[in-house]
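What follows is a set of notes on a single structure, which appears directly below.
As written, the chain order gives the labels A, B, C and D, with residue 1 at the start of each chain.
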Amino acid sequence: MHVGLTHYLAVSTMLFCIGLYGVLTRRNAVAILMGIELMLNASNINLVAFNRYVAPGAVGGQTFALVIITLAACEAAVGLALVMAAYRSLETIHVDEINVMKW
Amino acid sequence: MAWLTEILKAVLLTLVLFTYLAVVTAMFGVYLERKISGWIQARLGPKHVGPQGLLQTIADTVKLLQKEHITPRQADVLIFNAAPIMVAVAGLLDWVVIPFGRLGDRVLVVRDINIGVLYFSAMASLTVIGILAGGWASNNKYALLGGLRAASQMVSYEIPLALGILWVAMVAGTLSTVGIVEAQRGLWFIFSVPPFGVLAAVTFLTAATAEVNRVPFDLPEAESELVAGYFAEYTGMRFALFQLGEYAEAFAMAALAAIMFLGGWLEPNLPAWLWLTLGIAGVFVVVLLVVSGAARELILQPILILLALSTALCVIMFFGVQAGRSPVLPSPVWFFTKMFALVFFLIWMRWTYPRLRLDQLLNLSWKVLLPAGLLNLLITGFLITVAR
Amino acid sequence: MLPYAWIIPVLPFIGFWWIIFAGRRAPGQGAYVAIGAMIGAAVLSVAAFIEVLRGARYDTSLVWATVLNRPLEVGFQVDPLTSVMLLIVTVVGSLIFVYSIGYMQGDPRYPRFFAYMSLFASSMLLLVLSNNFLSLYAGWELVGLCSYLLIGFWFERPAAARASMKAFVTTRVGDFFMFLGILLIFVQLGTLNFDGIFAGVETGRFAGGLLTLAAVLVFGGAVGKSAQVPLHVWLPDAMEGPTPVSALIHAATMVAAGVYLVARTYPLFFGTPGHEALTVVAYIGGITAIMAATIGVVQDDIKRVMAYSTISQLGYMMMGLGVLGFTAGVFHLMTHAFFKALLFLAAGSVIHAMHTNDIKQMGGLGKIMPYTYVTTVIGGLALAGIPPFAGFWSKDEILLEAYHHDQVLFALGAAGAFLTAFYVFRMIIYTFTGTLRSHNAHPHESPRVMTVPLMILAFFSTVIGLVGAPWWDNPFHHFVRFEGAEGAAFDLAFALRSTGIAALGVLSALVVYHWRLVSAASLRSAFGPLYTAVVHKYYWDELYQFAVIRPVVWAARQLRTFDVYVIDGVVNAIGAGFVGLARLYRVFDLYVVDGLVNVVAWTAKTTGGVLRYVQTGRPQNYLLVIALGVIALVVVGVIR
Amino acid sequence: MGELAAFIILSCVTLIPAVVVVTSGNIVRSALSLVPTFLGVTGLYILLHAEFVAGIQILIYAGAITVLLLFVIMLTAGGTGTRIRQVNEQVPLGAMAAVWLGFLILLVIFRTPWQSAATAAPQYNIASVGTAFLTDYVLIFEVTSLVLLVSLIGAIIIARREE
C-alpha cells in the first residue's frame, strides 16, 4: 500500500492533540508556546498534504503553510517578548502564578 | 528494492563524507591552521611528527581518542552527550549540497536538490542548537555565556548570510548549487554587476566568518574571556567532535563561497598570453627572492611556496591552453584550489585581527550588513530587470 | 455713649479668651492684654460717669426667654450707683493689674493669673451693669467662680485648695437663699427687672411678710458674698490667694458686691413694713463690725488683720444701709474700696519683701521701704477715720446715721471704730517701727511697678472723701441718693467726737505697742476669757465643724451605706436580671439570627465558589472549555 | 513500500519527541526535543515534495524559533527549572480532552471519503510558489509582511527594558 492523504491527516491529528495537551497542562509560558508551535505544525502538515493530494496542480497549500510559518515566527517573537516582560516585572513565567489581575 | 539501494547509497556517501570531513577538513585544517599561524607569528609550528609535522594532527586525534570522557556533576547528561553530535552532524549535513566538480557528464555531489543553498543555510543554522544545548548542559557559567553569545550571534548573522545567498540566487535564477555553478560559465558572480558582486561576496564572507565563530567574531569561544566558551567542559572525543563540526562548518562556508562567487569547479578561461605573463612574473619574483637570499628568511618561506605553486599553475595552464585542450585540469583541482585559497584567507584573518566587542558585533550585523545587503539586493534586482 | 456701655464688660472678656488661648505668646505674657482691656474699660467708665453726671440715664432690656408665658428679660442700665461702681471696679482694677506685674513676676502660671483676673473683672462689671436679677445672678456666680479659682491659684498648697473650697461652699449657702428669694419674687411679680419689681413694691402688689421674706432671702446672698456673720468664715482663709487677688476681690469689689446688691435693691428692703428687713441688715452689719474688729486685734498674720478689718468695714456698710443711710453706705463702699485696696497692696509689698506674713517677725521696715511705709500710714489713717482722709467722711456719716437711728447700733459702731484704729496701728507699729525681728529675711523696697499704684491709691485715699465733704454743697449726696433715705446733715460736734474715738484708738495703740507704757501681756490677762474667745474667733469654725460638717459627714456615711447596700443592691439585681435575659437572648441570637445570617453567607459562598470557575483568570481553563466545546460539536457532527 | 517506511520512521521521529516536549519535567529538554519534531515534519514535507516549505521549516522553526525559546528559557528562571512542577492541576482533564478530540477527529477522517486526485508525484518548483505569492496571494503576502513588521516592532517595544 502506498501512503495516502489519511496517513498524513492522522499524523497531524496526533501532533495537534499532543500540542493541545501541552497547551492545556503546562505551567511554563514558554512550554505553552511550544505546544502552540506543535499545533501550528500539525496544521501545516494538513495544508501541504491537502495541497499534494487534493489539488496537485496548485501551490496554494504550500503558500498558506509559508504564511502560517511566518505568523508562527511573529507569534513566537511577540509571545516570548511578553514572557520576558512578565518575568522582569513578576519574577515568574508560570501562567498560574501570574494572577495580579484577579484581585 | 529501489529504496534499499537508496539507503545503501546514503550510508556509503555518509561514510565517504565523514572520512573526508575528519581527514581533510578537520585534520588538515588544524594542521594548516597551526602551520600558517606559526608562519604568521614567525614560528615553525608542528615539525617533528611526520614530514614537516604532517602527522601531528593524527597524533593529537589518537591522544584525544584515548582521553577520558568527563561529565560535570549535575550536568544534564543526555543533552551533554547529544550536543557535540548535533554540531558535528550539522557540519556534516552542510556538505550534502556541495559539488566538488564533475567527471564526464556527472557532477560530484551527494544530492543536487532544487533548494540547495536554502538547505545549506538551514543546516548551518542547526549548529547553534547544538552549541546552545552543550553550553547549557555543561552546568558551567562560562559555557552558558558562550552558548548564549553564540546563539545571539548566529541568529543575527544568519540574516546577512541569507541576504548574500539570496543575491546569488537572484542573479543565478536558481537555488541549486549545481545550477549556480553552471550559471557562472560566462562570468564569476563576484565580477558580475560590478561592484555589487564584490559587495555581496564581502557581505557573505563576513557573515560566514561570524556564523562559524571565527576571529574576529569568536566571542562564543573567546579563550581569554570564557576559557573556550561553550565547550569548556568537554574532553576527549566530544571535544574533538566540536572541533570537527566547527572546521567542517568553516570549510563548508569556504566551499560555498567558492561555489557562489568564484565559479566552483569551473576553470577560468583566460587567454594563453595572460597565463604566460602571470607565470613569467611569478618566476621572476621567485628568482628575485632566491637570488636576494631572502628565501632564507623564515617569514618569507610561505610566500615563496605559494608563489611557486601559483607560478607552476600558471605555467601548466599556459601549456594546456596552447595544447588547445579544455578543461586543462580536472575540475576538483580548481574547486579545492579556490576553497583552500578562501580557507587560507580565513585563517589569515584569524591570526591578524583582534576580537570585536559584543555590541560592535551586533551593530555590525544589524546596522551595516543588513542594510547593505538589502540595498544590494534592491539595486541589483533593479539593474537586472532593466537589463532584461 | 451710654447705649454702648455694654462694651465695658466685653473688653476684659475678650482679654480673657485671648490670654487663655495665646498664653505666653500674648503681649507681655498676657499682662498687657489684661491691663489694656482694663484701662479701656476704665476710660469708657469715666466717659459714662461724666455723662451720668450730666444727668443722662439709660436702661434697656431684651427678651431672653419666655417662662410661664412671662418674658424673661436681660439688659443693662446705667445710673449714678452703677457708674460709681464701674469707676471703682475699673480704676482700682487697672491699678491692681499693674501692681500684679511686679507681684506675680516669675510665677509658673503667670498668664493664667491675668486671664482669671480679666474674667473676674468682666463678670463683676456684668454684675454691676445688669438691670435685672437674672444677669446679676449670672455675674454673681461668675465672680464666685473666679474667687474660687483665684483663691486656689496656688493649689499646690493644701491650705489654698481647702480655702478655695471653703469660700466656694460658704458663699454657695448664701447664694442658695438668694436664689430662693429671686424665685419668690419672680413667682410673685412675674418679672426680674428691678424697675418692674420696684414698681410692684410701690404699688403694693407685693407686700407684707412675703416681701420681708424675699428681702431677707436676697440679703442672705449678700451675707454670703460680703462675709457677714454668720457666713464670714471664708474670707480670712481666702487670704491664701495671691495678694492682688485679696486686694481686688476680697477687699475692693467682690465682697462689696453684697453691699451693692442691697443698695441696688434698696426699695425692696425699704418697702418692707416698718423697714424690718433693713433692721435685720443693720444688726447683722453692726454685729459683724464689732466682732471682726475684736478678732482683728489679736491677729498676727498681716493679711488676716486686713481680712478681718475688711469684714468689719463691710459690716459698717451694711449697718449704714440698714439705718437708712443709703448714701453713707455707698459712700463708705467707695472710699473703702480705695483705702483697703491700698492697704492690701502695701501688705503685699511687705510680704513681697519679707516672704512671710507674720508681723511679729517684721519691724523697722519703715526705713527700708519708705514708700510702702508712707502709703500704709495714709491707708491706716483713712481706715481709722482720721480727717481729712477718705475713711473719716464716710464712717463719720455712718455713725451719724446710726446715732440718729438706733443708739445700740451706734455703740457697736463707736466701739468698732475705736478697735479699728487700734488694730490697724498695732499692725503698722509692729511692721514698720522698732527693729527687724526676723534674722533670715533681707527686705528691700518693691519695684516701681508696685509702688506707683500704691502712691496713686494713696492719693485717692486722701482726697476721694472730699466729694462727700460738706463744702461745695456735698456733691456725692446729690449724685447718689434715695428718696426717703436722705442722710442727716453734717454735724461738726459729732464729727469731732468720732474723730476723738479714732484718735483714742490710735493713741492707745501707740501707748501699748510703741512706747510700751502698758504691756500687751497685762492686757491679755485683763481680758482673760474674752481674749481666749477672740483668739479662737468666737469658735465659729468649731461651731460649724460641730453643727454642720460633723452631721453632714455622718449623714453622708449613712447615705453611703444605704447607697452601697440598697441602691447598688437594686441596681445589681436589675443588672443580674438583664444579664440572665441577655444569656437567653444570646442563645436565640446564636442559633436563630446567626443561623440565618450564616445561611445567607453560605449560600453566597457556595454559589460564588461555583460561579468562580466561570472566570478563573487562567487562559488554560478557558482553552480546556473550548476544547470540550469542540469535542461536543464534533460529537454532534458525527452523530448527525 | 520505501515511501511507507520513510513515512513511518518520520512519523515516529515527529511524534515521540513531541510527546517528550509536552511531558518532560525539564523545560530545556522539551525545548530541545522540539528539534527532532520539526525535522520530522520537514521530512514529511519532503515526502510531500514541498522542498521549499521544508527548507523554510528548518530555517525558521529549527533555526530560529527553537533558539529563541531556548534563549528565553535560559534568560528566565527556566534555565535551571528542573525541580519545579511543570504541569498544572488539570492534567487528567486535558489528557482526556486531547485523547477524545484526537479520537473523534480520526473517526471523522477515516469516515470521510476523500476523493484523492492524481497520485503521480508533481514536481513543484520554487518559482511557482513565488509566482503564486506575487500574483494570486499578493494581498496575503503583503498583509503577512505587514504583520511581520508590526510584530517585530512590537516585540522590541515590549521586551525592551524601559529606563
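Rule of thumb we're sticking to: contacts are C-beta pairs under 8 Å (C-beta built on N, C-alpha and C of every residue); 3 or more make two chains touch, one makes a residue touch a chain.
All values reported here derive from a predicted model rather than from experimental measurement.
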{"item": "Chain closest to the middle [Cα centroid of all protein chains]", "value": "A"}
{"item": "Which of A-C and A-D has more C-beta pairs touching across its chains", "value": "A-D"}
{"item": "Chain A-chain C separation of Cα centroids, rounded to whole Å", "value": "100"}
{"item": "Cα-centroid distance, chain A relative to chain D, in whole angstrom", "value": "6"}
{"item": "Intercentroid distance (Cα basis), chain C paired with chain B, Å", "value": "119"}
{"item": "Euclidean distance of C-alpha centroids - chain B vs chain D, Å", "value": "31"}
{"item": "Set of chain B residues in contact with two or more other chains", "value": "none"}
{"item": "Sequence positions of chain C contacting 2 or more other chains", "value": "620, 624, 627"}
{"item": "For chain A, residues contacting two or more additional chains", "value": "20, 24-25, 96"}
{"item": "Touching chain combinations (by label order)", "value": "A-C, A-D, B-D, C-D"}
{"item": "Parts of chain D lying in touch with chain B, wherever the complex brings them together", "value": "1-3, 5-6, 26, 28-29, 32, 35, 51-52, 54-56, 58-59, 62-64, 66-68, 70-71, 74-75, 79, 82, 125-126"}
{"item": "Contact footprint of chain C on chain D as seen in their complex", "value": "88, 90, 93-94, 97-98, 100-101, 104-105, 107-108, 111"}
{"item": "Residue numbers on chain D that touch chain A, as the complex places them", "value": "3-4, 7, 11, 14-15, 18-19, 21-22, 27, 30-31, 34, 37-38, 41, 44-45, 47-50, 52-53, 56-57, 60-61, 64-65, 68-69, 71-73, 75-78, 81, 84-88, 90-91, 93-95, 97-99, 101-102, 105-106, 109-110, 114-120, 122, 124, 128-129, 132-133, 136-137, 140-141, 144, 147-148, 151-152, 154-156, 158-159, 161"}
{"item": "Chain C-touching residues of chain A, taken from the complex the two chains share", "value": "20, 23-25, 32, 95-96, 99, 101-102"}
{"item": "Residues on chain C engaged by chain A in the complex (per definition of touch)", "value": "616-620, 623-624, 627"}
